[in-house]
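Below you'll find the structure, written out as structure tokens, and then a few comments.
Each chain carries a letter (A, B, C and D) given by its place in the written order, and its residues are counted from 1.
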């Protein structure tokens, strides 16, 4: 059985900017998916912002084990309904990986509950990622650090909730640091944020970066059945209580009714 | 100096339901605020859903050190703009305490990034809260457990992110358990969820419950200056980099420009 | 490839107490191992306190992917050297599962850094375990709760550090609650504590309990190579610094020397 | 009321090394204590390794609200009994701050349950500390980053458990990063690790460093009464169960007896 990955690409820079199109003639999402398809046990395909419902219909999400998200220039063009649908899919058990500027995407902000802001500089400077969690599945097969000669800088403070685990921290030539590999769990879904990937540099052609993304897919994959309704709040009537109790005192609700939401 | 608390009350049940009005002739929010005003170093007042902008204007939030939220029947009547304003105030450093059915309020769901669902039963059954974090500031002055003879049951799983700390866990006569005192940090703001407080029982007259809420206020209070803009994502131009670097490679952005959001 | 499990049994009650011997004619550790050997992809064997070096030689630990620990009456008879060896194996990547009264074992206390204390009562009362982390790998295949009709009670507060994740919470008929399924990471090793398993009740014959232990084994298994020395603190001389720097100011140490420990 | 701080100094380098003695004519611990004594609401004094019981008698610990620990060359000379006594004091509610090379001290390793290792280089290079938790009490009054022109490098991976909160991350000129301000809770005690402070540089004369340590003292202070016995594991006999239960099945223990440890 193969892990089914959908790579969501904003697909704006590739169409409008010659530099980006030159680095990624097969688009960024296409490059990421192609690298994943060279891995055993992973099958990746792509959808984009421009597709109907941004390519993220309920059917598509139901068939996606892990969603990868890259967006930058058009966060605001993603419909609120699709962003909420993605969040619900995560709660039901879909894994999700947010790349680079997806820190400001609607689904990431929705899942974090924080501003997700940071400082930044686009100078093609050297980034060095240090593994902070030795032998973590997301760091599988990596050296203790690796470098990207040209990257955009993201600097702390990063406006996120404390993560479950910090897997990578980046050093930048200009003097900043950044928590660049972080995990959370939201409902039944595993969430991984990975920092590198500015569109004007060839980051997604880098073998270490490709390794991290493939590792992240395997880590984020939850083989359990997807929850049918991850938001349900069931009433448990007195008559079916696990221990014998008698109803006492006044009440507002009827047995088995829907609660207020 | 006193900690300025605003107690936000939905104020629906007290107006519509004779049982609730009988238990809380001064309303639930009024009862909570009155108990806090008996504490040294705390000054509490109230606002309600029915007030203009639900009483939560930017000015009011700027003067609120800790906001307490009780809502149940009318979560949907809270405007999205006010919910977002509350979240931003938390990120900027305002403390917030969510009580009981506020688990489904817009601000709580916004700050958690999860469904915040649970199971429930309204049978007036016994709840026993156990302190799980000994000598935690929120458990100050409490015995190792305390009971509420009549409460609504909330049962696990509780659809929240892993908390920073688990302070209380509840036992219910009907056979369920629930993490009933939980902390998180969101931006510069401290968040505390406290389970008890169903409107048809006299929970907010209970001295242990009052003690927890007052402790929670002191814990949630962040004496630091409020962040002017907790969502800012500043560009740091090459010319002002902390270490001398030279710009290299192509770029999309101009120095000092606003990034995409 | 199979996950190699070693079940460590204290093996005292089974030899001295007729009730325990009657419930577990194949010993407790033998029963646990037999259940694991019925799982695909897991190979389990046993060692005991009475074996040379308690059965936990360096060679044995090197060939153990996941160690399961059950002890109660003879925690003090475990040698400090073996306890430390177990901790180092965990740091290097061996998974470990502590069962029931192993909360007071030397390796658990060593790995937690806390007292690991709790309250307790031996009355054969009903325990009900609630899943708090839906679709977590350790809860795979379980209902939302399950019961053990006769168990020893363990009550909060449980003297442990905040866990990475809370997977189960127990309800007890006598009125207590307990966090009964908890995870941590220590170095490269995954740690799982699971509460049930008092020696005078048939807990390890229960299929749900067996399911949790098998799930725990798969969760705790780290397929990465074991770290050769998980405690090393390497000096990185100036000459091999990743960025060009010059030595400045006074120093105490010589290049490449061992630091103080 | 004043927070009573005890600064524990190893006091070896100051006596043996002219460079260190020149930078710290009043010793390192003396310098740290003097800075704290300039703060309102803090009273600091010092003890050293060479004192009877290293200055850390039960009486002294009982009168210490927050202990600060600096050690490097003589970790092994600290008696195991005193290290365990310090851990117990923390569990009972004493705050503790570990500075720099105290990452390898016995009490820190005991409280963490991990190797606490790292990589290092003594080159007097520039360290820049970034605040990662905005408006955190430990970062009170600090700019968003500050620099130490000459420091020893500590590099990731840092062999610690995931912290409660990451407050600072350091950038080093030679290319490494390090989580340099971290918090944990152990029992009723708050634990703070702060990285800077190599003995051959004037770090503890730096006003930002002094600010962090004073903030850390206020954060670590737990005003609650110290727990008399933080390791107790009380038996709760059936007769005094909170809910009426009857004893069922066989048992090993007598009512009220001490459990096995």
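One rule holds in what follows: a contact is a pair of C-beta atoms (placed from the backbone, for glycine too) under 8 Å apart; a residue touches a chain by one contact, two chains touch by 3 or more.
Quantities reported herein were computed from a predicted structural model and do not represent experimental measurements.
Novice: What angle, rounded to the nearest 5°, describes the rotation that places the Cα atoms of subunit B on subunit D?
Specialist: My answer is 180 degrees for the C-alpha fit.
Novice: Please identify the chain with the largest separation between its CA centroid and the CA centroid of subunit A.
Specialist: The chain farthest from subunit A, judged by C-alpha centres, is D.
Novice: CA centre of subunit A versus CA centre of subunit C: separation in Å?
Specialist: So the centre of subunit A lies 31 Å away from the centre of subunit C.
Novice: Distance from the CA centroid of subunit C to that of subunit D, rounded to the nearest Å?
Specialist: Their C-alpha centroids are separated by 27 Å.
Novice: Touching at least two other chains at once: which residues of subunit B meet that condition?
Specialist: 128, 133-134, 155, 159, 162, 164-165, 173, 175-176, 185, 187, 230, 242-243
Novice: Once bound in the complex, which stretches of subunit D touch subunit B?
Specialist: 93, 128, 133-137, 140, 145, 164-165, 173, 185, 187-188, 222, 224-225, 227, 230, 242-243
Novice: Touching residues of subunit D toward subunit A in the complex: what are they?
Specialist: Contacts found on subunit D: 128, 130-134, 144, 155-159, 162, 164-166, 169-172, 175-177, 179.
Novice: Please name which positions on subunit D make contact with subunit C in the complex.
Specialist: 13, 17, 19, 72-76, 87, 91, 101, 104, 110-115, 117-125, 150, 153, 155, 159, 161-162, 164, 173-176, 184-187, 199-201, 230-238, 241-243, 245-253, 259-261
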